[in-house]
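The following blocks contain the structures, represented as structure tokens.
Below are two complexes that have chain A in common, paired first with chain B and then with chain C.
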Partner chain A sequence: MNLTYFLSILVFSPLLGILVLSFLPKTQESLIKTVGFLATIPALVLALIAYFQYRAGAGLEQLNEKVSWIQFGDSGQMGNLFSIDYELGLDGFSLIMVVLTAVISTLAAIASIHIKKEWKGYFMLFLLLEVGMLGVFAAENLILFFIFFEITLIPTFFLIGKWGYFEKENAAYSFLIYNGLGSAVLLIVIMVLFARTGTANIDALMAAMNADNPQLVAPISENMKMGLLIALLIAFGVKLPIFPLHSWMVKVHVQAPPSIVMLHAGVLLKIGAFGLIRFGMGIFPEQFQSLAVWLAVLGVVNLLYGAFLAFVQTDFKMVLAYSSISHMGIVLIGLGALNEAGIQGAIFQVVSHGLIAALLFFLVSVFYERVQTSNIQNLGGLAKGMPITAGFLLAGAMASLGLPGMSGFVSEFMAFLGLFKEMPILAAVGAIGIIMTAVYLLRAVLGITYGKALRDFAGVTDMRKFEFVPVLVLVGLIVLIGVYPSVLSEPLTSTLETIMLGIGG
Partner chain B sequence: MDLETLLSYEWGIMTPEFIILGVATALSLMDLFMPKSQSRKILGWVGFAGVLAALVSLLGLIGHGPESILLDTFRLDSFAKAFKLLLLIGSAMVLLIATGYEPNEGLEEFRGEFFYLFMAALLGAMIMSSSGDLITLFVGLELLSISSYILAGMRKRNLHSNESAMKYVINGSIATAITLFGMSYVYGLTGTTNLKEMAGFLTSVYNEQHIYLLGLAFFMIVVGLSFKLAAAPFHMWAPDVYQGAPTPVTAFLSVVSKTAGFIIMIRILFSIFANAPSGDAQGLPMILALQDYVAFLAGATMIIGNLIALRQRNIKRLFAYSSIAQAGYLLVVIASMSLFMFDTLWFYLGAYLFMNLGAFAIIQHVTHKSGSEDISQFAGLYRRAPFLAIAMAIFLLSLAGIPGTAGFIGKLNIFMGALVPSEGHYVLVSIMIATTVVSYFYYFGVMVQMFFRPAGDTGKVKIPAALTAVIGISLAATILFGVAPNIAFDFLQGNFNQFTDFFQ
Partner chain C sequence: MMENAWIIPLFPLLSFLFLILFGKRLKEASAYIGILFTLASLVYSILVLFDRFSAPTFKAEGVWLTIGDVQLTAGFEVNQLNALMLVIVSLVSFLVHTYSKGYMQGDDRFPVFYAYLGLFTFAMLGLVISPNLLQTYFFWELVGLGSFLLIGFYFYKEEAKAAAKKAFIMTRIGDVGLLIGMILLFWQAGSFEYDEIFAAVEAGAISSTMITLTAILIFVGAVGKSGQFPLHTWLPDAMEGPTPVSALIHAATMVAAGVYLVAALFPLFTASETALMTVAVIGAFTAIFAASIGLVQKDIKRVLAYSTVSQLGYMMLALGSAGYVAGVFHLMTHAFFKALLFLAAGSVIHAVHTQNIEHMGGLWKKLRVTGPLFLIGTLAISGVPLFSGFFSKDEILIAAWAHGNTVLFWLAVIAAFFTAFYMFRLFFMVFAGEARTDMKNVHESPSVMTLPMVVLGVLAVVAGYVNTPWFGTFLGDWLVEDNHALGHGHIEGPAWIMIVATAVSLLGIFLAWLMYGKRSLARDWLTSRMPLSYNVLYNKYYIDEFYSLTVVNGAKFISSFLRFLEVFLVEGLVKSVTGITSSLGRLGSKFQNGQIQTYGTVAFVGLAILVVIYAFTGGYLK
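Entry: the complex of A and B
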């Protein structure tokens, strides 16, 4: 098998779908939906091949690609400095993220069946968004990372603003401005690093920043490193989101179409965590260590803040939005712990929450489609009308609150294990959040399934055939990770080793 | 000067200028002798052919070494060649836009004038890029300015157009006077108008009073020239003039005239002040000592342009503020004075040329039928003309600096240049990035109109062939230089050798 362009094909395969779609007439609804769905398949298949090959012992280095792309200044004079290559590559962590992206994209494409208008434009943007997401995780240098990062921004803006609910444009603008500022800060960091070291390659940067006598174009002082790391924290903090920067994300969760929220909560938010781990820890390990306590504190704040606010919401989508904030707190807690268990817990939480959030939002789209509401009170008694949906909702909630045997448990357990080792008091405070999670999720889900019925669910049909696919796949994966965590932990071993080596653990 | 010396000059290096001059003359004669009833559109095509011919002759000169004739007043160096290329490409596209221009009250009787004045303006800009002397620089500047004043008032029966010409001429004269005053100090100090001789003379200025005068001259020249760039402090004319002037003229002012402004700025500042002492203890040259002043202007321009653009409803005024903001980004290049300066400036001006002209072609097409220039004219454009809407979206994304477009690579280049010096311009870069995010608001505002709003006018839009060509070329270039910018960089490296002959 020729692997030279494997990753490029993987990342850009959705473009093929865009091309086919552009030749289809606007009115062919079912054809457009089928093409849109099929276009996500190649990336999924390739990602799974890469995953199983890696599990079978094949190295990921053979997938690396490198083509020289931009050369600033005179190449004779500059040598390798100030050149940007088109370079893709994977390690265990990014491989898992690529698989996650591909899986959720395919499932979200199925969920897009509920989209009501202008399917052609919708799927073209949807597929472009997928290219951006896949590229973010496969990029081997910062500039390329940034380019893919921005490519996710534009389609998301349109997808929210055009296909969302009542306050969609407000939500789209809020998304654009927060994320625009976040990526602006990120761009400053990237450009400072690039201008001062002459390279944007992540591995080269890691080496250059941690060498004793680095060869730099212009000096980078210790204070500047700290400043850059804080800037990174803000940039990815918007994405994650970290507590004071979260308001846009609640709007998006409520206003965007559920299929897009699946991608958004499932993958886009995770770019924040990915960036923090990959760049924050990788490039600035020393500075990261001195900020670790604050990260853990921010994590606990996120966890509790999200949990308390989720408790008082009346709209189920709002509950899920604040629950996402709360769960991202666990990622920060794990990172703040700075030991192997903590970081592993954080990465597990990234994947696990991606799957759970996708599942819950898919279920939201299933019942919203039928009863046109996501208000908890109005949904009361759903178990009578839609027993299967209600059952899966309960399963999703159990996974989310960390029931043993499901993925949420593994990640929360490890993250807290890590933090208890380092900062027991903080961890004890954080543990309140875990209890709160159970309280608000059960309140919401029980209110929906068994609450007093305010309406008659007589004519409402339960889940149809194709709707089972995403639900079963997601529940299956959640349970698989719950009972057999090594599907994740084994590919992560080498990445974790590298990180631990960097922070001197 | 006797005939022999005159003949000994290598006139060949002026071929592009001669062609433009010849075409301008021919156009005015044709306009004079053509029967009144005949359409003047043909003149536009003659002009277009002339610009193409000049472009070809310029390409023929690209391999030519640096050469200077007429007592060092006209020079052909890499800088002149590279930037004339931009001027000619920009002008050719503006001419194409102009042939499709049909304002409500009619332009037929003045259309001929439009084309030959346009050629005269272009000639002025080209002379500026090749000048080695303050006199020729100034003559070029005036030729460009005076032609532009008339062009802005071309719609003689339109109130806005008249207002625009009036404002333009008054503001322009003040700015020119300030520039000239600044130049007079330098002349007074050195006793010559030749840039090279000046530079040589100024290296040996040590008198503190003289250095002070020189600094004053620097300030005045920069302030005066900021008018042509539409940068602070002389940006206030732009919105009114852009709004009132005929759309092709607006396109010309925002692209070709602005490029010419940067050309003269670089010529004067870097020829005269690069070697002049600043009088401080470390022996910094004046241009580096006064870097912060240019940086301040750049920052102010970016902030003013982007913030005021937020409140605009008129699309041409919006683009006026957008073009002010873009001038601010370009001033960052000059303020950072890195080793990438010429490359960056050239690339960004090139990218800006394509994205802005493409956008103006669409603006003209969407607005001139209805006569209204409110951004609601763009409502539902995606339904009416999907190609136009998508093309416009790409131009706007490029102006906003989103990856995948030439505008992004240009901005990347600017950031890099500003951060490479060991005293990086962090504040300036932060302002630039922050104001870029602000610009998302108004650029995306137009997109919201095109994609989210229902169409008011549901009629299908038919696009003239010339406009389609402009939009197509701009679109291709915007994407091509965004995806494979090395095409442009290789061309630059291969032909202009880092612009090292600028200082020779």
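Entry: the complex of A and C
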């Protein structure tokens, strides 16, 4: 098999869909939806091939691609410095993120059946967004990463602003301003690094920054390193989001169409965690260590803040939004612990929450479609009219509150295992969040499904045909990770070793 | 046999999966699937138990998850305690599966009920063969899920919804204690494996403070699961679930899991006198506390629920008094007689369609099978000589006395008096005298329901004879065989203890008979003479009210405060960010006024700034 362009094909395959869509008349609803769905398949297949090849023992290096792209100055004089290559590659962690992205994209494309208007534009943006997301994880240098990062912003902005609910414009602008500022800060960090080291390649940067006698174009003082790391924290903290930078994402969760929220909560937020681990921890390991306590504190704050606020929301989508904030706290807790258990827990949480959030938001779209509300007070007894949906909703809640046998437990457990080793008191405070998670999720889910039926469910149908696909796939993956966590931990082994080596653990 | 014991929990799991997928089509035939699969578990469990009599402990494990250099394992272990628990759980589960075929007949969600029963049984069997704390925790949570689903089985009832939620949250509070204790223990002992933890404890590798702390934290988990004070309030509410569920989960198996956990970690607890004392005090207090509430309740299932809480307190007292055998022995006898009482109560409810004992009466003549069986259960729990409860309760009292817990001993004696009284009060009010309401269409339950009760009735009588001071302490000797950390198979105690225990239980029965059987004492003497204490007891010491006032309102207050913060502070931040952005934008657009002079000025000033920066920094921002 010729692997030269494997990753490029993987990343850019959704463009083919955009090309086909551009020739279709925009009234052909079912045809557009089918094409939109099919266009996500090649990336999925390729990602799965890569995953299984890797599990079977094939090295990921053979997927690396490198084409000379931009050269500043005279190459004879500068050597390899100040050149930007088009380079893609994967390690265990980014491979998993690519698989996650591909899976959730395909499922979100199925969930897009509930989109009511202008399907053609919707799917073109949707597929462009997928390219951006795949590229972010496959990029091997910071410049390329940034470009893909920006590619995700624009389609998301339009997808929220045009196909969302009542306050969609407001949510879209909130999204754009916050993320725009975040990426401006990120761009500054990237430029400083590039200017001072002469390279944007992530591996080269990691090596250059952590060598004993770094060969830099210009020196980087310890203080500046700290400053750069804090800037990175802000840039990715907006994305994750870290309290108090979260309010834009609550709006997006509530106002965006559920299929886009699946991508947003499932993948886009994860870029924040990915960036923190890959760049924060990878490029500034020493500084990261001295900030670890604060990260853990922020994690506990996120966890509790989100949980307590989710407890008093009346709209189920708001509950899920704050729940996402709370669950991202667990990522920070794991990173703050800065040991194997914690970091592995954080990565697990990234994947696990991606799957669970996608599942819950898909289920929201399923019942919203039928009862036109997601307000808990207007619902109740849904299990009477839609027993299957209600059952899966409960399963999603159980996964989210960390029931053993589902992925949420493994990640939560490892993150806390890690933090209890380093900061037991803080961890014990955080453990209150475990109780509160159960409290708010049961309040919300039982409020929707149990109790007296507040409405007549005659004529309301339960889940049907294709709606089963995303639900079954997601529940299957959640249970698989929960029961057999090695599917995730084994591909991560080498990434973790690299990280631990960096922080000297 | 033992090397394949892992298959025992899988049968009910298969039943669960099968019924979730195909139950709708099978309808009430689902019962046969459930019954057959649990029967398979039962048969296999019995074979394993017999195998264990002659062979040593068997343990097998594989890697479940690798974290750095640490490998977390999963597997199974068949030691004495596990083998015994396997039989108890699968037997009660099988009987309840059978009984439910009659009890749940006609329910719309009959297959779902059987599916949930299968899920629960799977988790419970998985729990009792876990060889390490992590796996125990894993199944510990899953039995909680099974319990939650079955309490909320009648999901359309608001009470059932509230009860299910309460059960899940209250036990989760305990579970967090367990989780923390287990993680701390892991970083001390370097493993979740029971034997490695015990080895570390024995080798003195863990400081005594840490042993006490972790043991108490783990006990918090047991308190939640076993409905011990102060986390007991969910258990009586759990009676909203169908009655067979109460028999299986909230009497015989899951609520005993807390006791099982303390027993499984017994060497850890005995290493700390403080931890043992905590267990004993909580146990004894719960025993008398719940028994006193049971004195005045009017709902047949709630009386039984409080008696369960009280009896679990007894078991904790036994374990806290270093009476390993006594605790496990009472766990076993209690499983039989309490499951019997619940199933018999279910049979009564099935017949009269009410749970209020004030509306019952005179059922002895109408329920010719249920009545005598209920009496057997009542005699057993009251500790009347020759019934199983007599022997196990005696063991507990002796253990408490021998360990020097004199105050707790007398508390337990008083609780035994209460127990005899309220159980016979219940019996007389339901079965003696005349019917107090119209009871025309009362029928005995079908044999599919009475037969399981008969089996339990026989066990409630004979189960005590495996461990008696008269004929030999077979169970005790076998349980502690090859394991000195568990103490002795039999603890010698003064003979008067047995006499006192018998006397108080007969006294309790006699008093109940005077008031509710013969009625020579007015039934309302307590109500009329001491309305305050009656109200306190009837309202369960107002603990629910207290919790809702403090904990629930506390959480709501924090949430409201944070929401305030969110609205004013965080939203304020948002507003200022958008404000700054748009005013910058406006400022910028002012320069775009079409006048060439402005453009020139802006360009020049910008260039000047850049030059200044360059001059000072040499091109780099330091």
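Quick note on the criterion: the second predicted complex is superposed on the first by the 503 of 505 C-alpha atoms of A that agree within 3 Å, B and C clash if a C-alpha of one lies under 4 Å from a C-alpha of the other, contacts with A are read in each partner's own complex, and residues count from 1 in each chain.
The definition used in the following text is that a contact is a pair of C-beta atoms (placed from the backbone, for glycine too) under 8 Å apart; a residue touches a chain by one contact, two chains touch by 3 or more.
Everything numeric here is computed off the predicted structure, so don't read it as measured data.
Asks: Both complexes share chain A, so when I overlay them there, do chain B and chain C fit or clash?
Replies: Overlaying the two structures gives a clash between chain B and chain C.
Asks: Just chain B (first), just chain C (second), both, or neither: which does A:I70 touch?
Replies: first
Asks: In the superposed arrangement, which partner chain does A:L181 touch: chain B (first), chain C (second), both, or neither?
Replies: So A:L181 meets both chain B and chain C here.
Asks: See if chain A has more residues touched by chain B or by chain C, and give me that chain.
Replies: After superposition, C is the partner touching more of chain A.
Asks: Is A:Q344 in contact with chain B, with chain C, with both, or with neither (first, second, both, neither)?
Replies: So A:Q344 only meets chain C here.
Asks: Of the partners chain B and chain C, which touch A:T449 in the superposed model: first, second, both, neither?
Replies: A:T449 contacts chain C only, not chain B.
Asks: Kindly classify A:L38 by the partners it touches after superposition: chain B alone (first), chain C alone (second), both, or neither?
Replies: neither
Asks: Now for A:L16: first (chain B), second (chain C), both, or neither, which partner does it touch?
Replies: Touch partners of A:L16: none, neither chain B nor chain C.
Asks: I'd like to know which partner A:F194 touches here: chain B for first, chain C for second, both or neither.
Replies: Once the two structures are laid over each other on A, A:F194 reaches chain B alone.
Asks: According to the stated criteria, A:P404 is in contact with first (chain B), second (chain C), both, or neither; which is it?
Replies: second
Asks: Tell me which partner A:I151 touches in the superposition: chain B (first), chain C (second), both or neither.
Replies: After superposing on A, A:I151 lies in contact with chain B but is clear of chain C.
Asks: Which residues would you name on chain A as touching chain B in one complex and chain C in the other?
Replies: In chain A, positions 173, 177, 181, 192, 195-196, 218 sit in both the chain B and chain C interfaces.
Asks: For the complex, give me every residue of chain C touching chain A.
Replies: 63-70, 137-139, 141-142, 145, 152, 155-158, 160-161, 164-165, 168-169, 172-173, 176, 179-180, 183-184, 186-187, 555-556, 558-560, 562-563, 566, 569-571, 573-574, 577-578, 581, 620-622
Asks: Which residues of chain A touch chain C in the complex?
Replies: Listed in rising order, the residues are 173-174, 177-178, 181, 192, 195-196, 218, 221, 224, 243-244, 246-248, 305, 308-309, 311-312, 339-341, 344, 381, 383-384, 398, 403-405, 409-410, 413-414, 416-417, 420-421, 424, 427-428, 431-432, 434-436, 438-439, 442-443, 446, 449-453, 485-486, 489-490, 493, 496, 500.
Asks: Which bits of chain B are touching chain A when the two form their complex?
Replies: Chain B reaches chain A through residues 339-340, 343, 397, 402-404, 408-409, 412-413, 415-416, 418-422, 424, 426, 429-430, 433-434, 436-437, 440-441, 444, 448, 451-452, 484-486, 489-490, 493, 498.
Asks: For the complex, give me every residue of chain A touching chain B.
Replies: For chain A paired with chain B, touching residues are 69-75, 77, 82, 143, 146-148, 150-151, 153-154, 157-158, 161-162, 169, 173, 176-177, 180-181, 184-185, 187-188, 191-192, 194-196, 217-219.
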